[in-house]
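In the two assemblies presented below, subunit A is common to both, partnered first by subunit B and then by subunit C.
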Partner chain A sequence: MSDVEVSGVSKRYDDLWAVKRVSFTAPAGSFTSLLGPSGCGKTTTLRLIAGFAALDEGEVRIGGKPVDDLPPWRRNLGVVFQNYALFPFMTVFDNVAFGLRRRKVSRSETASRVAEAIDLVGLPDLAQRYPRQLSGGQQQRVALARALVVRPDVLLLDEPLSNLDAKLRAEMRFELKRIQRETGVTSIFVTHDQEEALTLSDQIVVMNLGTVAGAAPPKAIWEQPESAYVADFLGVENLFPGTVGDGAADDGTVAVSVDDGAAVLHVAADRPPDGTPDRAVVLGIRSEEIAVRRSDGADNASDGPNALDGTVREFTYIGSAVVYQVDCPGLPAPLIATAQEEFPVGARVRLHLPPGAIKLLRPDAPAEGPEDRQ
Partner chain B sequence: MADFFLRSGRGLVTVMALFWLVFLVAPIVVTLASSFTSSTYLTFPPPGWSVRWYLSAFESEWVWSTFWNSVVIAVVSTTIAVALGIAAARVLARHRFYGRGAFEYAVLSPLIIPGVVVGFALLNVSVLIETQDAGLLNLIIGHTMVTTPFTLRSVWSSMAGSDISLEEAAQSLGATRWSAFWLIVFPLIVPGIVAGAIIAFTFSFNDVTISAFLSAREARTLPVELMSHIEYLPDPTPAAVSSLMIVITLAFFLLVERTVGLGVFADR
Partner chain C sequence: MTAGRARGSGGRFPASLATPVLLAFAVFIVAPCIMLLVKGLEPTAETGEWPDFTNVLGVFDSKVGQQALNRTIRISLIVTVICLLAGYPVALFIARCGPRWRGLLLAVVIFPFLISAVVRAFGWTVLLGDSGLANKGLIALGLIDRPITLVQNEIGIIVGETHLLMPYMILSLLAVLQRIDPNLKHAAESLGASPVSVFWRIVIPLTLPGLLTGTLLVFSLAMTAFATPFLLGGGRTPILTTLLYDYAFTLFDWRLAASIGIVLLILGILFVTVHRFVSSRGMRSYG
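Up next is the complex of A and B:
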């Protein structure tokens, strides 16, 4: 197994930087996800690692060795493509055997290693079928077997689950995790699905407009995203710009004013907003951390800090809970909150935002705008 | 309304089929039939049947020499046209470059410009560079120029089915650029190559317009020679040769279909 070091890698297409000074390290045997919205440069990064495109700046090292002078066929990688890219006129067996034949592996060893790989990915006995005779999930497994059979140093996967239906996707997620654990292959996985990234990864690299916006293990990135952008992409529904007040209060919280003091929220001060100039921060809280109950109209001071009265604007039932949009005076946008209880549209509710659940986030540098990509 | 179009559409197809029968198939049948005449002049229906004009064709020196010229020219120009077509289609399918649109037009222009103009232009060029006596070479060049757009077109459209990721997959598995092409792309575009080659070969083998300009004295193609014989000889030998050409072209079609064509389409 080898680690992958991507340092300061850039790639320019015509008039835009598809990726710009991207750096991250995928430790040997780890599972790293590249997460980001469409067009942020995930595929390009993967293609640069694979050698399908030449990089304009920076360096890629695999197992400590720079690979920039090596063509794709000498990098010993496995690649799984979004559309699987199975060879249509070859049987499953020939597809999987392709890499072994290029490596001049003996006939008998090829047969046994192909069988082993087909077994590893949990394919039933379909070796003599053609790709078009397989279901999407089966094609997916063939693509994995084909990439793994050559015992690659690194496995690159470009949104391999995105063409599957929801149920199969959830199933393949477990399969992918099992296969990666059994083979221990260093894996770099591209996705725009935060759930996939969170469930599969040892490390998540969040990308934005061709750059890395943050990189951390799933738990860390979930609990304390590096910036407002990362939080937004990881599904923090409520994000408000705010300004941190002076000093900590007696109860160990700091006061943060939202919208020029129209509302003040108290935030547990053990979350230092580092790298935030002018005390400008973004407040973030997940919908499920907000408690919702019927408002009794009484003064909310007795409820401790961060009790806000609001009006239900809209709700959606999601099976396990109800998601509410609540208009609160003083906040620039409605709060998104989830609750078990049902309230009708127009109901007066009281929201409670626990100081420990509010994240103080670094606002995104304005320099990361699209014009910077030209 | 849709029904009306459907009905009139069917009517239209019937009419077109009739036209096709009357104007294309009927003359061929007439030619074929009259080539078996026993008389010394062309007439339909023949007063009696014989194969004497076929024997006459096989015994004629001009038939054989120009036949071999035509075969050589068709085989060589088709081969070159296919190779150029693959190369150009690959460039068009894989790369975006400045002037791509212009390149597309340039390479397809022989489809738009009339054969007479192409032939005349090529003749002028060959006179200019004093190669007008190298008849065979001129014919090969001329036919290649005119048939390459056909091979390019059909290879290009068959490349649409071979996604770049197939080649990249092959490369990541250890295939060099070259072997990725031969092992993965080539098998996928064989149908396009076969179709293009059939069109190029039949065009070259049957062309009169361009070849008439480029045929030097010692390098004439069968159709060009046939034309002048039809003009000057009233006997039915040219009819027999024409019939043979139809048979050869058909046989070529079937041969290619059976050997390469069908094998590729099967089990896909």
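Up next is the complex of A and C:
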């Protein structure tokens, strides 16, 4: 097993930086996800690691050795493509055996290793079928077997689950996790699905416009995202710009004014996050952490800090709960909150934002705007 | 090779849309074939019975007929092989070019279609003549001392037909080359295949359909070409089509001409059959 170090890697296509000074390390045997919206440079990063495209700046090291001078066929990697890229004119057996034959592995060893790989990915006996005779899920497993059979130092996966239906995707997620644990291969996994990234990874690298916006283990990135962008991408529905007030209150909270003081929220934090200019921050809270109940109209002080009255603007039923859009005076946008109880549109509700659930986030530097990509 | 696909989509395709063309095909292809058979198999003597195969078999008996037959097959094969070997690299190169260059190169490739057979033949006569550019070049390179005959013989026919038919091969290959998913090449590379290995094991098999279409087109067109061999072959190198012309329009022996037509028809059917057999075996995995 080898670790992968990507340091300061850039790639320019015609008039834009597809990837700009991207750095991260995937420790040996770990599972790292590259997470980001479409076009943010995830595939390009993977292609640079695999050597399918030449990088313009920076360096990639695999197992401590720079690989920039090595062509793809000398890097000993396994790659699984979004469209699987199975060789259409070869049987499943020949597809899986392709890498072994290029390595001049003996006939009998090839047969046993192919069988082993097919077994590992949980494929039934389809060795003599052609790819077009397989279902999407089966093709997916063949692609995995083909990449793993050569015992690669690193496994690169480009959105391998995105072509599968929801049920199969959930199933393959577990399968991927199992296969990665059994083989222990260092894996780099590209996805734009935060749930996939959270469930599979040891480390999540969030990308934005060709750059790395944050990298952390799933739990850390879920609980304290590095920046407003990362929080947004990890499904923090409510994000408001605010300014941190002077001094901490007795209860260990700081007062943050939203929208030039139209509302003040108390946040359980002793200081604003590092690198926030002029104490400008972004407040973030997930919908499920906001408590919603019917408002009795009275100003009940026992509700503690951060009790806001609002009007239900719209709601959607999602099965496990109801998601509300609530207009609150003093906030620049409606709050998204979830509750079990049902309230009609126009109902007066009282929202409670626990000070411990509100995150103080670093606003994104304006330098990361799209114009910087040219 | 396309038959399977056509069959697959046939269900949704309204048959009525195809009827006019199919009818025209029936009238303009089947009817002449029947007339050809009737004429060619007509008995020679008044008392003879229909069908009479003596004329058709006579094509193989006479020296000139035998030679023309051999020459036709030989030239067609040589032209097909040259088109394949020379056209493949060109198609590869064009497929790899950016869109702007590709358009320009494609225009160059189909240029032979835009000039009439007579002008093209005249051009080659000038280039390949005793004092033409080809001979001068070969002499300048020291490959020959005296001009060699390059035109009014088989060489002339081969050069002319290759020039004419090359676009069919290149366009057939280009059609499949451009559809190759680049990830297939990347997948092979990541599995340890060098570029040479990727070419032989991935690119060639993936272009097999285009390769087969190209050879089918070039071979059958080479076999039935008339104007180019007529103009570049001179009188001493008859092939089946020019011999047919001679019988029909200088000897006015329609029966002999029709016999040659039947031989050409048989050759064509034979080639298509062999080709279909080879394709169906080679393409089993393409679905």
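Following the convention adopted for this analysis, the second predicted complex is superposed on the first by the 370 of 374 C-alpha atoms of A that agree within 3 Å, B and C clash if a C-alpha of one lies under 4 Å from a C-alpha of the other, contacts with A are read in each partner's own complex, and residues count from 1 in each chain.
Keep in mind that, in the parts below, a contact is a pair of C-beta atoms (placed from the backbone, for glycine too) under 8 Å apart; a residue touches a chain by one contact, two chains touch by 3 or more.
From a predicted model like this one, the values you see are computed outputs, not experimental measurements.
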Superposition on subunit A - do subunit B and subunit C clash or fit: clash
Regarding the shared-chain residue A:Pro344, is it in contact with subunit B (first), subunit C (second), both, or neither? neither
A:Gly64 contacts which: subunit B (first), subunit C (second), both, neither? neither
State whether A:Pro124 touches subunit B only (first), subunit C only (second), both chains, or neither. neither
Which partner does A:Gly319 reach: the first (subunit B), the second (subunit C), both, or neither? neither
For subunit A, what residues appear in both contact lists, the one with subunit B and the one with subunit C? 47, 50, 52, 71-73, 75, 77-79, 81, 83, 85-89, 98-99, 102-103, 130, 132, 146-147, 150
The residues of subunit C that touch subunit A in their complex are 181, 183-184, 186-194, 197, 201-202, 205-206, 208, 285-287
Give every residue of subunit A touching subunit C within the complex, in rising order. 47, 50-52, 71-79, 81, 83, 85-91, 98-99, 102-103, 130, 132, 146-147, 150
Complex contacts: residues of subunit B adjacent to subunit A: 163, 165-166, 168-177, 179-180, 183-184, 187-188, 267-268
Within their complex, subunit A touches subunit B through residues 47, 50, 52, 71-73, 75, 77-79, 81, 83, 85-89, 98-99, 102-103, 130, 132, 146-147, 150, 156
